[in-house]
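The same chain A turns up in both complexes below, where it pairs with chain B and then with chain C.
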Partner chain A sequence: MRKKRKQQLNSLFPITVEKLEQLMNERFENNPDLSISTYEHQDKKIAVFFIGYLIQSDKVENFLVKPLLESKKEWTNNLILNEIPIGSGQETKLLDDILEGLIIGEVFVYIENEDSAINYLLPKKEKRSLAKAETESVVIGPQVAFTESMVTNLNLIRWGLRSTDLVLEKIMVGKRTPREVRLVYLKSIANETDINTMRQRLQEVEVDAVEDSNVLMQYIEDSSTSIFPQFYSTELPDRAVYSLTNGRIAVLVENSPTAIIAPTTFFNFFESTEDLYMRWNAGSFLRLLRFIAMFISVTLTPMYVAAVTFHYEIIPTQLLISIGQSRAGVPFPPIFEALFLELMIELLREAGARLPTKVGQTIGIVGGVVIGTAAVQAGITSNILIIFITISALASFTAPSYLMGTSIRVLRFPMIILAGILGIIGIMFGICFMLIHLLKLTSLGRPYLSPIYPLRLEDFNKVLFRLPQNYQWKRFTSFRPKDLTRFSKNKAAEKKDIDE
Partner chain B sequence: MDINVKVKSNLGVRAFYLFFIISSLQLGVGIMGAPRIIFMEARQDSWISIIIATIYIIIVIFVMYLILKQYENADIFGIQVDIFGTWLGKMLGTVYIIYFAATLLSVLITYTEVVKIFIFPELSPFVMGLLLILLITYSVLGGLRIIIGISFLFFLLTHWLLFLLIEPALEIDITHFQPAFQASFTELLKGAKATNYTFIGFEILFFVYPFIENKEKVKLPVFLAVFWTGLLVLITTVIAIGFYSPDQLERREWSVLNLFKVQSFSFIERLDYVVVAEWMMVITPNMILLMWGVTYGMKRLYKVPQKTTLYIVSFFLLVGCTFIDQHFQIQKVINGVAQFGFWIAYVYPFLLLPLILLKKRRRKRRGDENSA
Partner chain C sequence: MLNRILINLIIISFILFTGCVQSKELETLGILNTRGVDLSKENNGQIETTLLIYQFDAQNKNISKLLSGTGNTLKDAREDANNKTTFLLTPGQIRLELYGKEIAQKGILRYLAALARDSRASDTMLLAISDTTAKDVLMKGQSQTEINVGQFLHGVIDTEYNEDSLLRIDLQTFSHMFADIGHDPILPIISLENDLPKLSAMAVFQDDKYVDKISLDDGFLLNLFQNRVSSAPVELTIPREPFKKYEQYKEISKNKEEELHIRVLLKGKSKTKMTNVQEQHFKTDIDLDIEIQEFSQLLNIENGHVADLLKKEIAKEIEQQYDTLLNKLQEINADPFGFGNIYRSNKKDGKLTKKEWREKFPEIKVDFNVKVRLLNYGTTQ
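Right after this comes the complex of A and B.
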């Protein structure tokens, strides 16, 4: 009884067209974007209202308004639902529903004295066309990147993974401005627990707005205070597809050109899809190179600072002489010298990232060549340090993930300071601390350093190096996918004796 | 107090990791100075002493295994309470905890002293202690799985140091071992006893045993760990005795570290600096495991939250390492711990085993009577 009354209270219809127009204008505070057109057809008033730039106006024109006016019939709601050649017609009664519908691109038709309005979902979304990946650029293999449009991204994934197993769950995240989030996984491969954990975390996010997938990632990560990203954020559809076929989970966010991939290990951040497209030995070499680069990037400059500040004895005499000569005129202690140069490199990188590509290149040349040479000639820094700093800066850019690269670059500063204060002991402390921290991290509850700890030798060929494709008949076991085998092992070559 | 430990299913550890737990707790500061101490007792026959010691430890471990096997899923705290009653059992458990804490302190101050001798003569022990205690506290907060991960990872990351011993190993003078078999039996035994500070640490088996998932496989990794530690001490001692003349060796307190000075590359010299720094990775798992033992013991015996114990012990360690900074004080602590450890780790299991077997038999007989 009570419920019924409430419904009646809320229900807007029936209402006269003039009153409806007045009401809508009131609620939209006379916003000029809301267009309400009223027509008279066979003595019946019809109102069509929508927000102009959110809908496909040619469709409204051709398939809705024209048939309405040209037909000889007397219009009722039922007739409209049956006769108008647009599929998605629905009846709406509540004012709130109408308002919400208007802002996601619905068109409403109301015939006077009917007890509901009819809405058609005809949204128009502006989107850019597909482009090459910028932050994760690859030399060979697919180059196309995700865009800001969810529809385009889903399309890319669907075409990459033509499987009926593919599940694309829809979850709305955000209290004030809800945003569509898609949980993507392959039903027959992905681990059930992982899916449930991810779904639960997405559903439990209680924030007013989610700006981007990278922001959402920080809400749902295992440790939000850590410097290391625990989920991989990629803009390459082929990388997302590759991860999905390996039983991992992807999360797409509306208006965000990157997909989140989980669970992730520390080593995933150093693998590029390119490693797969190359020969296995070349791919392994590149992967190894990136690990070495990461280590160099974190420790090279601190080692220099520690050695020059405290432990001259470590450097052999010959080398010490040339370092001494290059440092002879430098008035600062090594720690300031190193921090100054590192800061300069970071400035160059940041400026290069903010400026348009063409200007950015100029900045690179000006910064790298001119400032570097001038700094040495002016006697502010030693040129050996410039070599070290440049190497470690270069090394930090080899990480295929931009997030991980940035983390590594930031890590250098505390390491340099530790080295400048406590020498080699400080560096060792930093490394130990970092390793312990990495051991403590988890990604979606799975250990971050697997397969090193917990040790799984059969997974080493997926993270540390690569085997020929024929030998990789198993999936990454540390993530416990539902289906462990990629293809039958029998394909591997049978043993043969020497050919005579 | 429950005699058997109920382990949460997600906290189980594979027996395989026992190898790393035990060997990383055994290898610590002791090995840095072991060759000299053994050499002072058994001279050129030190290697025999080490072999004797290793065999003896393997026997001890077998006894420990027999003790643990009598129970379903118990650790030393539960067993002692079962055998000696609540009061005495808890007191003996406390002795274990104090022993662990004392070992922890001895490792901390010894490493601080080594850093002072080799790298920073001016280093304040407070700073060094603070760094190490930060590492310990941060890791122990992560729980048992993380602790085992650290001992595993750091074990792998430190064993490259062995390659640096190749150069001095090539310069061994065989005549330093001749004439062989000169030491009397008592001298050999004294030499074997001198290794005990280096070798202690296998008692942790009494603590972690309940957490092992596949108990049928416990024996092999434990024996391998003891064997590996014995082998490493043997190698370093043989190299040290072969490399240094007897006089030189007796004058070098940290003879193993000095060995690393021999190796040099075109871009780096004086690797002893690097080695002393790298040794932080050797002792960190060591101290973390000891600290875990202390906090876990307090929780088992007195139901003190592990965090509380952790912070309090950390504080006292920091105070301790700040004030115990003289060489003779440190030697006193080490000798005390070695003595303490000798009785607890090497002798005590032999006393415990017959008591347990006796009790078990009596219980069984009583059970038979009851059922009859």
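Right after this comes the complex of A and C.
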């Protein structure tokens, strides 16, 4: 864009300082923040102009203005570029370039009658310091999370992966307010096709503005209408680094505290980096637990509704008695009872998420206990159902990815309605429908349900459970990384104790 | 466009489907738990059912209720009973079906067939025969026991089955045994003792007709014959005479009984072969592992002779029990052992009719051969 204009327009300079000041003020009509200071030095007028809050004013003061005024030299552009101890000095000739530069935090120095202005990039960015991960909090292992600052995030990834292989391609996305996006991958491992696909998708995004990485994700996903997220959005640098070393691609977006990881399978959403840090058997157990939890979360309440509405035969006699007794006074059919309670749990969750932490906890406890007990006492719901609803709500929160957890919670509602209308047949309809959809989904062109479909048995030990690290000498082959092995197979079999 | 049509079709089909399934909300149902079936006394040819149901009513704490109804068929009788309650009676949770003695003697096949064909009725429901009428057992039992008598009876029978003391027979196995040629079913008998229902004997069937009863111990022998028994508690009685000289604390013992009672935990399996197909000679090998729990007279069991003697006597006793049982069953002419089945599979053409086996069964000869191993006789588990 800049180059084109250069050819069309003529240089602004030379110009008098007064004229320049007038011109700038005209173009910056509604901007009271532009500060232009004019100095006289050795009979030459020098103008320094910038937007105050975008630059590091102490640097401008100490390294630019002070040397300029205190020196006895007769300043010229060349002299300034050579003598002033700030590295990023460049010459600018066009008014539009100056205006664009001002917005991104450049400081301009113009000496009257020179044929170009000199600009220094001295941006000041407000950012918060590093903090613990909130949505993907872990018990053991690195706790630090990405922040909104791209520089910080790149720093975190670089320190995690000190390899010359690491590529951080820069792509600008967005028409009106372009935003910096980084395509990060390891050149020697990541699949070439995946990189190209991702790069092409990022380049082809045509939007006004990208608000966040989660928004960008929705623009570049394979199926934007699906309920399931197809890329993992993580706030953990160690998770991003782990994914990169497995040949996957990360996308960082400026001003966004989450990185997009692609390609991703359905099962990735139930993996936590913690599984790796734990002993292999505990890690496997936790991972299996999450899968079971997902299944429970989707089917438990619908099963209750189906059994109580249509199939009382399948309930064991003892359970039937307690369910029957608790259902006895309830005036609604089971489907409405279940929907009502599910809605209530969602209300509590949403209110808890919106309110400040301290208030949110109180509301959660008060709401949960008081409403739960009162609802049973008042005979609006059965207490057995409250247990089921709570279990399935808890189960849905075990998914390490908040996006996936939310999808699962939303999925429950159509399932309950199906169960209430058609019974277990309805639940089966729902599950089949979901399964067909999952089978059709892709993530960056790679099948969403791999390694189950297409079946790749060698990948099972990384998905459904986890083998000891020594036995995982292969990378996840379903993503077709360039380099398939992490270390040689013989190394794994080697005995560690040589002497003895 | 095509998508929209598809979506509409799905929505419409869902709405139409709702007509297919009839919803049965739990709290509107009277759920049959136990059903007693008798011949009606007033109307000849009709049956009288006694229904024990669960009903969930907010105003009534007592969830068990006893109803009765008469009709020509089971469903007819159920509808008759339904006129006496606001709940819709459904058979999906029947756990025990109890038949009166009279109706069992006339044959219960038609009722079982109705149950087997009802997809809502459980195939694993237990069946039992009442010593008097089913109504009697259920009515009196309900007033005597604190809990739901159906559940109580189911528990009583189920415990015995789980202990391997009796041959487990549910609706499915009964139908299977009936359909097998040369295999007659048996069922437990519930009788009343001081108005309290009790498992008292086993009923032997000729096809679907109750003919005679055998003791519960005989019921165990039948179980051992057909299944692998893992740990059944059994009491055995053997003559005391051979053990006299090995008895401990003889001086202080005042026991004058001529018999020795041993309580054992029994583990075993059996295998039956035909030795002579033409003359229907069978040979049954029974391997038993026995863990001794209790004696009526203390024995010096560390002595190797005693152990050998015990093995011999126990084997003899069990063989004798089998012989007696077989003789009795041959008199009744019912074959719950299933020898007919073995005969048919060994026969060259593999064909046998029920009638043919009824003629042959009283003539068969079986050689029961029991092998006993004594396991630990120290600490009991």
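Criterion: the second predicted complex is superposed on the first by the 482 of 500 C-alpha atoms of A that agree within 3 Å, B and C clash if a C-alpha of one lies under 4 Å from a C-alpha of the other, contacts with A are read in each partner's own complex, and residues count from 1 in each chain.
Everything that follows uses one rule, which is that a residue touches a chain if its C-beta (ideal position, glycine included) is under 8 Å from a C-beta of that chain, and two chains touch if they have at least 3 such contacts.
Because the structure is a prediction, the values reported are computed rather than measured.
Once the two complexes are overlaid on the shared chain, A:F397 sits clear of chain B and of chain C alike.
In the superposed model, A:P333 lies in contact with chain C only, and not with chain B.
In the superposed pair of complexes, A:L319 makes contact with chain B only, with no contact to chain C. By the touch criterion defined above, A:L455 reaches chain B but does not reach chain C. Shared-chain residue A:I436: touches chain B; no touch with chain C. Once chain A of one complex is fitted onto chain A of the other, the partner contacts of A:W159 are absent, as it touches neither chain B nor chain C.
In the superposition on chain A, A:F310 makes contact with both chain B and chain C. Look at A:L422: by the touch rule set out above, it reaches both chain B and chain C.
Common to the chain B and chain C interfaces on chain A are residues 310, 313, 422-423, 425. Across the complex, chain A is touched by residues 14, 17-18, 21, 23-27, 29, 31, 33, 54, 56-58, 63, 90, 92-93, 95, 120, 122, 151 of chain C. Taken in their complex, chain A has these residues touching chain B: 310-311, 313-316, 319, 422-425, 427-429, 432-433, 435-437, 439-440, 447, 449, 452-455. Within the complex, the chain B residues that touch chain A are 14, 16, 115, 119-120, 123, 127-128, 131, 134-135, 138-139, 142, 146, 149-150, 152-154, 157, 264-270, 273-274, 277-278, 280-281, 284. Interface residues of chain A facing chain C in the complex, by the touch rule stated above, are 308-310, 312-313, 317, 320-321, 323-325, 327-330, 333-334, 379, 421-423, 425.
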